[in-house]
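In the two assemblies presented below, chain A is common to both, partnered first by chain B and then by chain C.
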Partner chain A sequence: MSGRSTSLPGFGKAVRLEYAKMRRLRTSLVLGAVLLATILFGTMQLFDADHRARINEPNTMHWEFLLLTGYSSTKALFMPLLAAVLASRQVDIEHHGNGWLRTSMFGVTPGRLCTVKLLALMPLVVLSTVVEMSVLVLASRAAGATTPLPWVQWLWYGAVVVIVTLGVVGLHLWLAARVESQLVGLGVGVLGGFLGFFSMLMPPWFAHLTPWGYLAAGLPYQLSPTGDAPLIAIPLPWGSMALFCCVMLGVLALARVRLDRVEI
Partner chain B sequence: MREAEVRRESGRDCGAMDIITTQGLTKAYGATRVVDGLDLRVPQGSVFGFLGPNGSGKSTTMKMLLSLVRPTNGSIEVLGTPMGRGNGDGDRGTRRRVLGRIGSLIEAPSVYPHLTGNENMRIQQMILGLTEAQVRRALEIVRLDTAGQKLVKQYSLGMKQRLGIAMAIAHQPELLILDEPTNGLDPAGIEEIRELLLELAGEGVTIMVSSHQLAEIERMIDTLAVIDHGRLMFQGTKAELFQQATPDLLITTDAGVVRRRDVPADATPYVVTELVRAGARIHEVRREQQTLEDIFIELTGRGGAL
Partner chain C sequence: MNVWKAELIKLRRASAWVVVLVVPVLAVVMGTANFILNAGVLTQSWASLWGQITLFYGLFFLSLGVATLCSALWRVEHRGVWPRLMAGPARASSIVTAKLGAGFLLVAAMQVLLVLGTWLAGSLATDLDPWALPWSIWGSAVVTLMAATAVVALQSLLSMVWKSFTAPVAVCFLGVVAGIGAFYGDIAGLKTVIPQALLARAATLGSVTVGDSGALNLSGTLPIILPSLVLTGLCIALSTAVLQRRDVA
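Then we have the complex of A and B:
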């Protein structure tokens, strides 16, 4: 007579459940607001008539500077706060709705639930990154840029942004789950913004010290040590990103195990 | 006697099996034993009252039964299946199958306040693979079928409680474990829940319920256990509990009514004789059964807000 499914919900079904829970959380509004701010800040140089007049000159290096000083520094400022807000919205509903206990009854432990929440946010993070970078490119073309876009470097950095953002969101999900007061996570997000931005200005070793710093560590450009050109392309920093992925996967796996041990 | 009660009585008379058994169940946090060597037996088909003061270990026990908390020691068997502590896939699969036959409401209703009642039930439907008919039935039983469009944060406490119960019964479980199901309800709401639980019990559902409101719980339970400081103080039927308790001796005199507790039956003539010798004019001598609350206070030494 009982119509209850007794198997553990698969990840696909679990992610769909998360989307059902996201109603009225204004996740899209938050993402949209940050996306708009990122685009506006990232395209600031396009509002400069002098820059637009010189946009196609070789020493202007428009695409390189757009990535280095426009997009990356804006992401470094806004991404940590976005990650904190997204994670907080996702987790706070479980604190208020006794959701940890409810899902534990069905065998979905707190650690697994946070993993599912991260998977549910992944498409949104990817989509927002694609939109941001696409708008920057389109805005540049509209401003008169005709030089070829360095696709490799831009695609590489898009991947860096997605990976680092997801890693930071994962950490914030764990923090929001462990500490019921969401102000703590938001405070860490603000701090992360400062650390991420300063990592752009500090030596490369500093950027490897914090997760937010990897937005700087993953850049495919650096300031030129000689006077030949303002920026030079460097070999794609695979090593830095591999280090980030390994450390972050280990930390998140440990965080999940620790969360699973918490008794509701 | 109501039909539902007759069916339950018949089940017990036929020696119904125990749907929950624990042996030496213990939970310790450091040096503190929150639950200490509990040997619990919940008969199948009963409405089982699980009583105890605040902090006595009721909620922790219920969570252990539902595998939400790992016991420090002891064993648990629910619906004929050991709820082991092992971490193997087999154990987890077994526990999930058993938990699929149980409905529960622990501590507070597990409802998302930012969603409507219907949306909360939709999530439950997705998780459990329920039919539309099961969802509708559950909401109708708890009388929330017309309030489903409202956000849960706009619900009264009683409505949230009823939604929690709807989510617990939607999949028509064999066993219901309810922690304070009438919390926050007005008298009419409490009566509704009581009638609902008795009706479910009449359909064969075993109900384990804890409550602070002894007067209300007394009217719905047939077997009970009393726990204090994690230890079992009493377990058995209501009749057995009242048999153990000596009825109060009430003596009406010119000066008023004198109530004496714990006066054995063979001591009654002595008491009356002494009062007469002392010059009291006695109008009436009778025995009055203690209430569940009185017996509870005697057992635990604590009363008032539990």
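Then we have the complex of A and C:
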């Protein structure tokens, strides 16, 4: 009798397989392109000579505006489309290669496979967010900004971006698995871009209505109501992000269970 | 002519109409909401409302909508119909122009929906006079449509060559970023050769929302329409050459 193990493939092996698929899909190229676009857009104000001349003045509030109007607005526009493209490409390979059935034979059900895909994309999302924010800070320093960086607000918002992006990617993975047509996923991505961006301009309650709106709901700054300063720091919106996490975890868990019960 | 008829029949059953409907409706809803919420800051006029609706629609979402539509138009061919298409009597140039024509029709429908949606939203949700909708809004929509032709032609070429649905959309996204950069950076050469920059210029022509956007007259529109027509012609010629010489299945 052979002593060879017949255990099912673990998450580790499944995640490594996803990275092998990503190499063929050129996922890093897509991420790199969006990262570059985000940095260019986010640093637009640094190309303005007037802004650079006033960058250290108290009323300019460079770091606060960079986060509020530069980085967050850009992420709200670009992140939904990036999530749709990443998820769509990651899942389409299963539709075309009959991957759902093949992996199910090894015990990796469709729901589990989508979870593996999300876990595989997680480090890339975290890395791209860290790189984007780091480059924004370095570019600002190179432009002459000497005022202290508000670390707490920036680290908080970095975490918000990662959490919201992963939640949206999770939704898109489920959608791409259920609906083979990539038109639907991309259409939802365009819709998300609209909703995410306009959530920045709408009242706070609007931002809590959709997943993409939480990039606005998680902002640690708001326009000053009194006019003493252009912006004010608000208490970190823990409640909003806790609500997002609870709802998204529940929705994704339900989606995973449902995916295991339908034929794809 | 048979190729045109075939494309029109495919359009009737296409799911691309969802994009045609959703993108302008979203732009109208969001732009109108922003217009109402900022009533104290914005001029209460049709031009101001149109500016709010078309700002991000023209800069960003219209180009991406066009890219998605073109990917959808060519998707049916990439799903095993290529051998039949290539074995048929239709010339490569007819196939390419038929696809371009179908894309043009879809974008035209988007523009009509956008103007009608603006009129409805302005009449029902604001205090604007429904009978005072300026003709310049229709003019702006037509100029934008003509500028969008270059984007349709380019995206049609990319979607024809690449089997992937999302890859052409990703390239369009980069074009949008470059176009916005060229537009706001006022880089003369780039904002004439990047189709998405031409589209951004056309959509904001005469806008009260964007300063220095240019006037909606002959001297303002010709520098946009002429390059757009040239780029469209180049893309058609390139697409035809590729289709004649390469196996794109």
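By our rule, the second predicted complex is superposed on the first by the 258 of 264 C-alpha atoms of A that agree within 3 Å, B and C clash if a C-alpha of one lies under 4 Å from a C-alpha of the other, contacts with A are read in each partner's own complex, and residues count from 1 in each chain.
The rule is short, and it goes like this: a contact is a pair of C-beta atoms (placed from the backbone, for glycine too) under 8 Å apart; a residue touches a chain by one contact, two chains touch by 3 or more.
Keep in mind the model is a prediction, meaning the values are calculated, not measured.
Trainee: One more residue to check, A:R24. First (chain B), second (chain C), both or neither?
Mentor: A:R24 sits against chain B, while chain C stays out of touch.
Trainee: In the superposed arrangement, which partner chain does A:G107 touch: chain B (first), chain C (second), both, or neither?
Mentor: So A:G107 only meets chain B here.
Trainee: Between chain B (first) and chain C (second), which does A:G187 come into contact with in this model arrangement: first, second, both, or neither?
Mentor: After superposition on chain A, A:G187 lies in contact with chain C alone.
Trainee: Between chain B (first) and chain C (second), which does A:P235 come into contact with in this model arrangement: first, second, both, or neither?
Mentor: neither
Trainee: If you stack the two complexes on chain A, which partner ends up touching A:P225: first (chain B), second (chain C), both, or neither?
Mentor: neither
Trainee: If you stack the two complexes on chain A, which partner ends up touching A:P58: first (chain B), second (chain C), both, or neither?
Mentor: neither
Trainee: Please write out, lowest number first, the residues of chain A touched by both chain B and chain C across the two complexes.
Mentor: none
Trainee: Once bound in the complex, which stretches of chain B touch chain A?
Mentor: 63, 66, 68-70, 92, 95-97, 99-101, 104, 106-115, 119, 122-123, 126-131, 134, 171-174
Trainee: Across the complex, what residues on chain C touch chain A?
Mentor: Residues of chain C touching chain A: 15-16, 18-19, 22-23, 26-27, 30, 33-34, 37, 56, 60-61, 64-65, 68, 71-72, 75, 164-166, 169-170, 173-174, 177, 180-181, 184-185.
Trainee: In the complex, go through chain A and note every residue touching chain C.
Mentor: Counting only chain A, the residues touching chain C are 30, 33-34, 37, 40-41, 44, 47, 77-78, 81, 84-85, 88-89, 92, 181-184, 186-187, 190-191, 193-194, 197-198, 201-203.
Trainee: Mind listing the chain A positions that touch chain B in their complex?
Mentor: Touching chain B: residues 1-9, 13, 16-17, 20-21, 23-25, 93, 96-99, 101-102, 104-107, 263-264 of chain A.
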